[in-house]
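Per-chain numbering from 1; labels A, B and C assigned in written order.
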Amino acid sequence: MLDTIDHGDVRELRLARPPANALDPDLIALLADAIEDAPHTAKRAIVISGRPGMFSGGLDVPELLKLDREEMLTTLRDFFRLMRNLAESPIPIVAAITGHAPAGGAVISIFCDARVMADGDYKIGLNEVQVGLSLPEIIHTAATRVMGARHAERLGVAGMLVTAAEAHRIGLVDELVPAEAVVERALERCRDLLKLPPKAMLATRELCRRDLVQAFAKQEERTYEKFVNDWFGSETQGAMRALVERLKKKSA
Amino acid sequence: MLDTIDHGDVRELRLARPPANALDPDLIALLADAIEDAPHTAKRAIVISGRPGMFSGGLDVPELLKLDREEMLTTLRDFFRLMRNLAESPIPIVAAITGHAPAGGAVISIFCDARVMADGDYKIGLNEVQVGLSLPEIIHTAATRVMGARHAERLGVAGMLVTAAEAHRIGLVDELVPAEAVVERALERCRDLLKLPPKAMLATRELCRRDLVQAFAKQEERTYEKFVNDWFGSETQGAMRALVERLKKKSA
Amino acid sequence: MLDTIDHGDVRELRLARPPANALDPDLIALLADAIEDAPHTAKRAIVISGRPGMFSGGLDVPELLKLDREEMLTTLRDFFRLMRNLAESPIPIVAAITGHAPAGGAVISIFCDARVMADGDYKIGLNEVQVGLSLPEIIHTAATRVMGARHAERLGVAGMLVTAAEAHRIGLVDELVPAEAVVERALERCRDLLKLPPKAMLATRELCRRDLVQAFAKQEERTYEKFVNDWFGSETQGAMRALVERLKKKSA
């Protein structure tokens, strides 16, 4: 479900949960753990990659709809732990967005240091609102850092997915390369950073990302209750069950 | 002076004060009231539009120069009420910028959710400084959210008007469409938002706009006194009377 | 080492320390003083320019490596005084970036009101990390205002130099003109600002730059100790001595 491939100093964490690399409770916890572990095993940078054509389809809604309130709260805490581990990582992390990256897929990427995306007919965006989920504040904070207040509001409120080209234009991703070169380019970006004087690079990195790290302290606790209340509300349950029906028809 | 046209759930408020839709005390108060009323009459979104070729020429300087200090203060409070009603609106508002939008025209638009502008030889910008008015802090805050700190400083300090094309390039407007399609496109943007799960959309909208709403509490009171003092100062009076002379010659 | 050329109301401060306009302790102090003096001699705007092809190569590392801790601290305080004088200047300052502007060269420019750069094969950027220096917080703050959080992080952490064209694309500079027209265009920008009603222009300018000025109060004191400790640490000393070797070979 999560493959670990070491390229010298750089660890690639490859999402491998077919067909859509959807984030179920186990994958969320595994990825959160793996981000935390990498620096303790002498790795100096991380690449998060997906399958060709699909980085991650986001939360596994059909699986998550089976959870009771307590299980959902645990999963939510793990998802916040994942975001916080990405934000606080003491080593650089580059997202190798190998294909589509809606919702949770995009979320993972905006907490990374940089985003390399496959140039092609792939979509990325914060479409949480489309499935009846309001955007958690920390995700809006991360989105604003990456693409500015106007685009973060525009995409967030409308629950909008955009093409790779549009994502590049508005700064949601940093670079487009041919699909088959995404992982290699992400590795190269890591290697470039590792050639730098390490103390200066890491101290500057800590400085530049401090606003994101500090935002967690202020936002985290009050978010859980709100999110879980929303989740079990009729609007969100209705929108998500409609989504599950569409997914079933699509795969039939 | 302000036409109300209902398109199903969406209310269009059309500025209709020839020739320039200049904002005199009555139009300012009417528009502020209309923004506040729309959600109470079961409307779910608002479009603010103007005349073909002219969204709004901004404050009606010749009319405002006739006011005494007390009347000016009342007008100023109404203008701030207008901006705050736009920022705090519980339903989305899209500006249909049908033509020129200098000063007050641009100001109205940057407190809306989105800006659709006529593609053509139209100007928009924050040219307050040109007529001797320093930019109120809340307008700078709104401008910074929309186009970033650098452009907000650049346009604000120089009192610069830019073309529709340049406004689009720097993010001051979101989208350019042919002049005759501006209102329809703004309506369509509203309808797209209204198709979304409403609680999630509105909660995310509240989150994304909270910084703007909170800025009012901090800034509003201290601004009135300063603005009115500036207004009756010799530099501003001189610059505005020169403007009125130019307007007279132009219309002669 | 610093030429003063008055063009009517506008003072040009031309860096003139061949070959690279490198900032040694004397030039830093001279420039800081000159910025402070200009408004006291009835000047109403400032242009900072360099040599054709070279705005400034940044800190004169070979010279600075000769300083002991106390001397380095004095130089550092002068460099912060230079940045603060630029940020707090009561009159507009435009950077005429006549050529390359790495590190300290770029730093000077991002505290100015605007940046006009020579269109050509010139590089600009915050490459401090490349020589083992972590970026001081106030420089990151200024960079974020100019080009947004994403680019400030991207360039700062990687210690990246970019071409003039790329600098323009990401907002690090405002305008590109042919090399021989850079100073004249910067003068023209100053003159345009000086045609405006002065009180309104200067009050708006103060408003738009207040965030930068306020950032100094919070950041300055804690930075000195950290910077000097880093400076005399083995990583930074090693990286800078390697740089000096490269410079020697290059000029040999």
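Assorted remarks:
Heads up, the rule we're going with is that a contact is a pair of C-beta atoms (placed from the backbone, for glycine too) under 8 Å apart; a residue touches a chain by one contact, two chains touch by 3 or more.
For clarity, every value in this text was computed on a predicted model and none was experimentally measured.
Here chain B and chain C face each other with different sets of residues for the most part; under half of the interface numbers are shared between them.
Chain copies chain A and chain C are related through a rotation whose angle, from the C-alpha fit, is 120° to the nearest 5. Centroids built from CA atoms put chain C at 36 Å from chain B. Residue positions 148 of chain B each touch two or more of the other chains. By the touch criterion given at the top, residues 92, 113-114, 144-148, 171, 174, 192-193, 196-201, 203-205, 207-209, 211 of chain C touch chain B in their complex.
Of all the residues in chain C, the ones that touch chain A in their complex are 128-135, 137, 140, 148-150, 152-154, 156-159, 230, 233, 235-236, 238-239.
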